[in-house]
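Okay, so here's the structure we're looking at.
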Amino acid sequence: MKEMKLFLGPQHPGMHGNASVHIYVDGDIIKKSFLLPGMLHRGFEKGMERHSWVNNISLIPRVCVVEPDTNEMAFAMAVEMLAKLEVPERAHWIRMIILELARLSIHLMAYGGLGSPTGLYTMMYHAHTDRNTILNIFEKITGHRVYHQYIVPGGVRKDLPVGIEKDIHSFLDDLESRYEEYRDLGINNPTIQARINDTIPLPAEVVWELGVTGIGMRSAVNKPYDLRKVKPYARYDQVEFDVPVAPYSDAYARVDCKLQEVVQSIGIIRQCLAKMPEGDVRVPISRGQAMRWTVPKGHVYACVESSRGEFGYFMVSDGGTNPYRVGVRGASYPQGLLGIEKYLPGTRLDDAALWVDTMGVCSPEIDR
Amino acid sequence: MTVELLILVALASGILAYFVGRLNKVLGAVVTIVASMFIFIMIGYMMQDINAGTTFNYNAVEYMPDFVTFMVTYLGLFFAILVTFIFAMVSFFNPFFVEKYKYPALYSMLYLFSLAGVLGVFLTDNFMVLFFFFEFIVWSGLFLIPLGKNNKAAISYYAFSTAGSFALLYAIFIMFAQTGSYNLHLGLATVSGTTEGTYVLALLAFAAFAKLGAFPLNVWLPRALGKAPDAITAVFSGGLEKLGAFVAVLALVKLAPIGDIAGTLGGLTEATFLFASQYIVATLGAMTIVFGTLMAIRQDDAKKLLAYSSMSNGGYILVALSLGGTLGLSGGLYHIVAHALASAAAFLAIGAVSRVTGTTKMSELGGMIHKMPVTYMVYLIAIISMAGIPPMGGFISKWLIFQAVIDNGLILIAVAVFFGSIGSFLYVFRPLAALFLGQELPQHRDKAKEAPFFMLLPMLILSGLIVFTGVMPNIFLDFINDVIAELGGTGLLLGDYTITGVNGVLQPTLIASVFGVGVLIAFIIFILLKKSKKVGLMDTYTAGNFIYTEELMHYSLDFYAPLERLYEKHINITKDFYKKLENKVVDFGRMIKYFFFTNKPEITVFWIIVLIGFLLWGEL
Amino acid sequence: MIDILLMILTGIGVALFGFVLQTSIAGVNRKVVARVQKRYGPKWYQEFLDIFKLLSKRSVTHGWIFDFGVIMALGGIIGTAMFMPLTSSFMAFDGYDNFFIFVYLIAVGMLGMAMSASGSGNPLASIGVMRALTTMLAYEVPFMIVVLTIIKITGTSSLSEIGLFQQVAGNSWFFIALPIGGIVAVMALMGMLGKKPFETYIAPAEIASGPMVEYGGKQLGMLFIMHEITVFIEVSLFVHLFLGGAENIVLFIVKYFVVYTALNIISSVYGRFKIDQVVLFFYKWPLIMAITQAFIAIYLGWVI
Amino acid sequence: MTNSMSNTEFVTNLVESKFKVLSTEVLDKYQVSFEVKKEDVHSLLSLLKTSGWIQLSYLSAVDWPNDNEFELVYIVFNWDKAVHIQIRCRLDRETASMNSILPIFPGCKYYEREAHEFFGIKFPGNPDHEKQLILEEWDDIPPLRKDFDPRAYSDRKFSKMEYKNDFVNKNGEVSKQDARTKRYDDIDKLRTGGKK
Amino acid sequence: MLSTKFSPMSKEEVDRKWWEIGDFFRRNSLWMLMYCTGCCAIELPPAMTSAYDMERLGMGPMATPRQADVLLVTGYLSLKTLRRLIYTYEQMSEPKYIVGFGSCTINGGIYHDSHAVINQLNKYIPVDVFVAGCMPNTEAVMNGFVDLMDLIKNKKANGWKDYHERYEWYLANQKAALGEVRVHDEFHE
């Protein structure tokens, strides 16, 4: 059998991020495929061992570029578990606002990113425009557009600025009013449906084999397996939201779930803004000398629900000023490496980019 | 020189070639070159003798005046010149290929024998002579095809050809019963318009279909052409297949069409003027086009691909001839010329590649252009003509055929014709991309080199003619007008450089020169700009990855996979049908064997007695 | 002899006009599409800048066929454009603006480009060519059937005469006279121009811009020129066949602009089909519609 | 999740009743940690998988050079019971080798490969585990070991930016900042129509 | 190119004039290569889309290196990426420019002591414009592009010429850091 080898990435319009999918095709059917990771390897886990607990705050958002806040949250949760820190009530709510805004941002980006493999660039432009508004809101809250370093162990770095509620509300209203337009432009569009209906399905029985979590899993097993519901962190147990599920995980179902999560996130942010109490936003972790702050011995695994699934930090402390070992469970590790190797063969060349997009393969968190 | 003498020369030189070939293989093949060139030139001279309107009648054997006669007609001469030319051109390949055959001397002999057969078929007005030489060609072919070491293909070819021959024979019997003479023109004229004419038409059409490999009698063509020796495929596709076209002309033009459906459709404005028989043949021709195109797109073997393309082009000829009229006839006849030249050139080019690489499978080849640029250009010109793109001959004929189709308002047949026309881009491009272009594969990089001069010569002559038929078609169309006049139709309206169709005027010379001007402008733009840096073929865009294996960067297998997937389940109907038929025949044979030829001799004897008794029933 | 030279010069003028017209309109259209996408958009002459920049760059070549194909592509397209009538009475070669010349001579350009792309040795380019040819197989047949209807009705295949036929009082534009066929022709035109959803052969996210994958510098610039002229030919074909030709050049430009802009706006809100979906799409409704239209118009004589 | 506390108890009982656990920690109501012997890992993971811990969340290693040991960590999760379980075991550092858990959790393939790449632990049973995954042409000891110094490696291989001490513009060229200022002035000029 | 017979200018002068004209086109139609080498690429979509609309400047994304003019090195470069970046850069058609994004390309930035990330990009390939910041704001990105256009106008964007002239030096640096520049990357087989 004679095959041809094609590459999707690293320098390819169909690949988001810096990774390479090697594809062996026969005609246009993929016979064998694998991901070549490591192009974004920066030695994070080693780097974190070499920095103090507080220094690491500036390092961790850079683990995953598109969604830095879940990193910060997972890191903060892990450190809080180790150090037994009690986070102030208001900080929890602020964290939720930040996390959900980030979720909105990445869902919009992924939804716009769907425009790239399917050729609907208009959707990409619209979605990125809205995402830019979220980045502007982040800039107002945290001072940074992308890497916020806002959620820190012990709370959040500072309180919300005055009047930000108005900005957030106006953005949410705007987004909500155009939600149907987004659906019509995107997944209700007959040409897009022709592309994503029944494309690269992920059968329910193989989800556990791969270890896929997040939307990819929920849309396959049809159960609300969301860490925010199953083991609520922050104050997710005090807000009301639904977890969108689907019985059959094709590209359409995954995108559809993403869009439904957008609605839920809007609802969560609204509830947070309404329920948020006044008070402190941070417990001081140490008096002065933050760089020499030590954390008790221990080994914990803290995880949050990112847009792509379970994002976890395994952290070992030997009681010193630096973490002894930090292990990062990238949310897209299973679908990126094993998923591409096992479930891309048999599909078509045209759809390879759709797997990367709809399963949310994020190379920085695979490589670290 | 008279026809019978030419035939004798062909036969004699065939025998000579055999004996010379026994001594020296290559020398025997050289004899074929000399003989076929000689015959072609003689036939060419014959064209000067012929005067418009009159035919020369050589009564060869004086004492049997009506049994063996030869006659030169415009129609016959048209075909004879074309086919002998193809024979002469292909014969240049023989010395380079005889080494590969099991029986080189036999090959040389049969090559000239089939040439003799061709002369006999085309230059006669006698049915028996026609049938005799028809069979002669079939038998030569039967022994020529297995020289490519595949007996099954030969059997397949023989089965269909024999079926065609029998149909021809029955048609002859019917006409003989009507007229009592073997005269072809008389016979056709007599049965024309009668009930017998229907049978004759059907039988002749069957013979033509079998010979052209048209749907549904197409199975042998790709098999035989795919497996036959490389030079023979060119002869078959360019020359011998045209026997079918000749029979089709006899059947469709000389016989009055049957079944006036214009009357039944009279209520519709501008209804078609076709007759049922014409419509049926045209529909089958259209199916041949579609089927051949779809099959050609799927093939991996370049020779098989071209074989299916021959089939598809045979469909064009059938459609054009069945539509009749000035445009249809001239389009069909011109298409015969254009396709004969183009397919011979293409087959020769593929043959030249096959000679150095030993394979014609596109998945095993690639980048031959870097070693065989001239062969590539020949192939390119051939496929441009085959796809019907100006300024090559194929465009003129397709333009005429399109007009005939549009003029008759045949929508469904137009779908097939247009489909075949666009589809031909697809399949002719595939060998171009996979075989000549793409990555240069390491296994052929060292072995491959350009074909020797005497192989290039016929290819270049053919490509020159292909261009010439596209740029100056009027010279050929003049002769075709004579043929049409002889057949009783009106010729095309030709100007100095223009061809006038029903709905438009074409000036091929202008098109060619404007195209030349365009290329000139593009060339000036190109040459004025900075010179490009030459980089290797493997220095291509790989999304930043490193790759060193040429095979993995060469797209040749399953070229049209997405398209093929749409119809691959439905395409094998005829093949399956014949497969089933074959199984049935085999079963029947087994049954007979089981009943009659068991290992108990007494049962066999018993059955023989029963059979004899049955046969003698009436007598006793 | 001198008049032939004059004719050829006029033809070159027509091709040049087509290039300038289409390039300007393409630039304007980039702005229009940018507005659909909530952007400001580039300058209207951005396309010129792009093309001349490409011509000014240094490039690489993968062998003589790589260059030869480009020259053949551009030459074939320029040659085709030289036959194009601008208005129904003004053209370079009077009487020879046969529809079939455009359909088939344009194929020389396509073939040249396909050849050159395959000659680069990049499989993505070959895949792109494969898709382009398959798309061609898809859209061409319905389109030809509709044109067959028009030729059968008008009795001529000359573009200008078809245009004049529609301008005669009592005859409406074929876009209106053959409404079903008009819709088919719009779809086919979108396929011809490679507009979404039929943009399969460029498909950057799948095959990294397909046939163009190995071009840079002057080769790419020449292919851009070729593309602009190709668009000019195809849109002009539509204008002449379906929109009643053009009495004068202003009308021609207006019709041209409207057609091209409308197609761009339509295509900007569609995604891209897969290649087999394109074939299935065209061989389903457009083909049935085209045959129906032809039957109605030719056999029943119902022409509005 | 009102009964999550009982979930951790359920886990503790389940594991401790069947295996000899070196140490058990209940980290919070969603997480339990067990340290077991190397030999017990496979059967423990099989047991957990049949009891509903079907998702392998994470697999990695920790280097303890002082004890001359590697610590392997398996984290599994049960979505219905909402309990993460850490299973840790110690391996000898010199001959670090652990049978692959590929038959139990196929998802471990790349985690194990990565652990081999970064720590040098062998995983017999995982077919491709010795091939490089993330790194390319690596020429040193596995980088996540404690005795690997990335800074020294970086200094050795990658040249650093050299900062000059004086930043005086000697060539008399227009500095970038000046050019920018000039450009802004030009823009202002354009805006005001040349009037200052 | 042009005959000097009809022109009073010398050939060099003519070439220079043509080059200046070419520079005008080149700086007004900068096509960037879509190569997201690092995290700074996340600020490119806002720069491309409605908020800043790069296309106003004539910039647009291009699929393959042959077509592109500008290589945007968006952030840190691991060794694996650097190999592919060099290969991609060498495939681009000249004149070609490089814009380095973020502190990581200047001095290694936050990853200065990492075992996998190089520290100074212009040791390996010539960089025309650096945009500082971790990560640079979209405004800074746009400003970097405008700077590049200015450089082209002033004929200072000569990185690609430098790469030709000092190729040995660059190659030596590449070899020192990477070992083998071109590798077989079929590690899964």
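Residue numbering begins at 1 within each chain, and the chains themselves are lettered A, B, C, D and E in the order written.
Rule of thumb we're sticking to: contacts are C-beta pairs under 8 Å (C-beta built on N, C-alpha and C of every residue); 3 or more make two chains touch, one makes a residue touch a chain.
Note that this is a predicted model, so its numbers are computed, not measured.
Enquirer: Treat touching chains as neighbours: how many steps, at the fewest, connect chain B to chain E?
Expert: Tracing touching chains, the least step count from chain B to chain E comes to 1.
Enquirer: Among the other chains, which touch chain D and chain E together?
Expert: Joint contacts, listed by label: A.
Enquirer: Mind having a look at which chain is the central one, using mean CA positions?
Expert: Looking at where each chain's C-alpha mean falls, the closest to the middle is C.
Enquirer: With centres defined as the mean of C-alpha atoms, identify the chain lying farthest from chain A.
Expert: Taking each chain's C-alpha mean as its centre, the farthest from chain A is B.
Enquirer: Farthest chain from chain C, comparing Cα centres?
Expert: Chain centre farthest from chain C's centre: D.
Enquirer: Of the chain pairs A-B and C-E, which one is connected by the greater count of C-beta contacts?
Expert: Higher C-beta contact count between the two pairs: C-E.
Enquirer: Approximately how many whole Å separate the CA-defined centres of chain C and chain E?
Expert: One centre to the other, that is 35 Å.
Enquirer: In angstrom, rounded to a whole number, how far apart do the mean CA points of chain A and chain E lie?
Expert: Distance between chain centres, rounded to whole Å: 30 Å.
Enquirer: Where the centres are mean C-alpha positions, what is the separation of chain A from chain C, in Å?
Expert: Each chain reduced to its C-alpha mean, chain A and chain C end up 44 Å apart.
Enquirer: Rounded to the nearest whole Å, what is the centre-to-centre distance of chain A and chain D, using the mean of the C-alpha atoms as each centre?
Expert: That gives a centre separation of 17 Å.
Enquirer: Please output the residue numbers of chain A that touch at least 2 other chains, ranges allowed.
Expert: 4, 10-13, 20, 22, 28, 36, 38, 41, 43, 46-47, 50, 125, 129, 348, 367
Enquirer: Listing for chain B: what residues touch at least two other chains?
Expert: 539, 541, 543-545, 553-555, 559, 562
Enquirer: Could you tell me which residues belong to chain D and also touch two or more other chains?
Expert: 133, 135-136, 143, 148, 150-151
Enquirer: What is the complete set of touching chain pairs?
Expert: A-B, A-C, A-D, A-E, B-C, B-E, C-E, D-E
Enquirer: What part of chain E is in contact with chain D in the complex they form?
Expert: Within the complex, chain E touches chain D at residues 79-80, 83, 106-108, 112-120, 123, 147, 150, 173, 176-180, 183, 185, 187-188.
Enquirer: Going by the contact rule set out above, which residues of chain C touch chain E in the complex?
Expert: Touching chain E from chain C are residues 30, 34, 37-43, 46, 49-50, 52-53, 56-60, 204, 208-209, 212-217, 220.
Enquirer: Mind pulling up the chain A residues that touch chain E in the complex?
Expert: The touching residues are 10-13, 16-18, 20, 22, 34, 36, 38-43, 46-47, 50, 58-59, 62, 65-66, 109, 112, 124-125, 128-129, 131-132, 135, 145-147, 364, 367.
Enquirer: Which part of chain D faces chain A closely enough to touch in the complex?
Expert: Residues in contact with chain A: 1, 4, 27-28, 30-31, 33, 54-58, 60, 62-63, 73, 75, 77, 79, 82, 84, 86, 88, 105-107, 109-111, 118, 133-136, 143-144, 148, 150-151.
Enquirer: Could you list, by residue number, the parts of chain B that touch chain A in their complex?
Expert: Touching chain A from chain B are residues 363, 542-545, 547, 549, 551-559, 561-562, 564.
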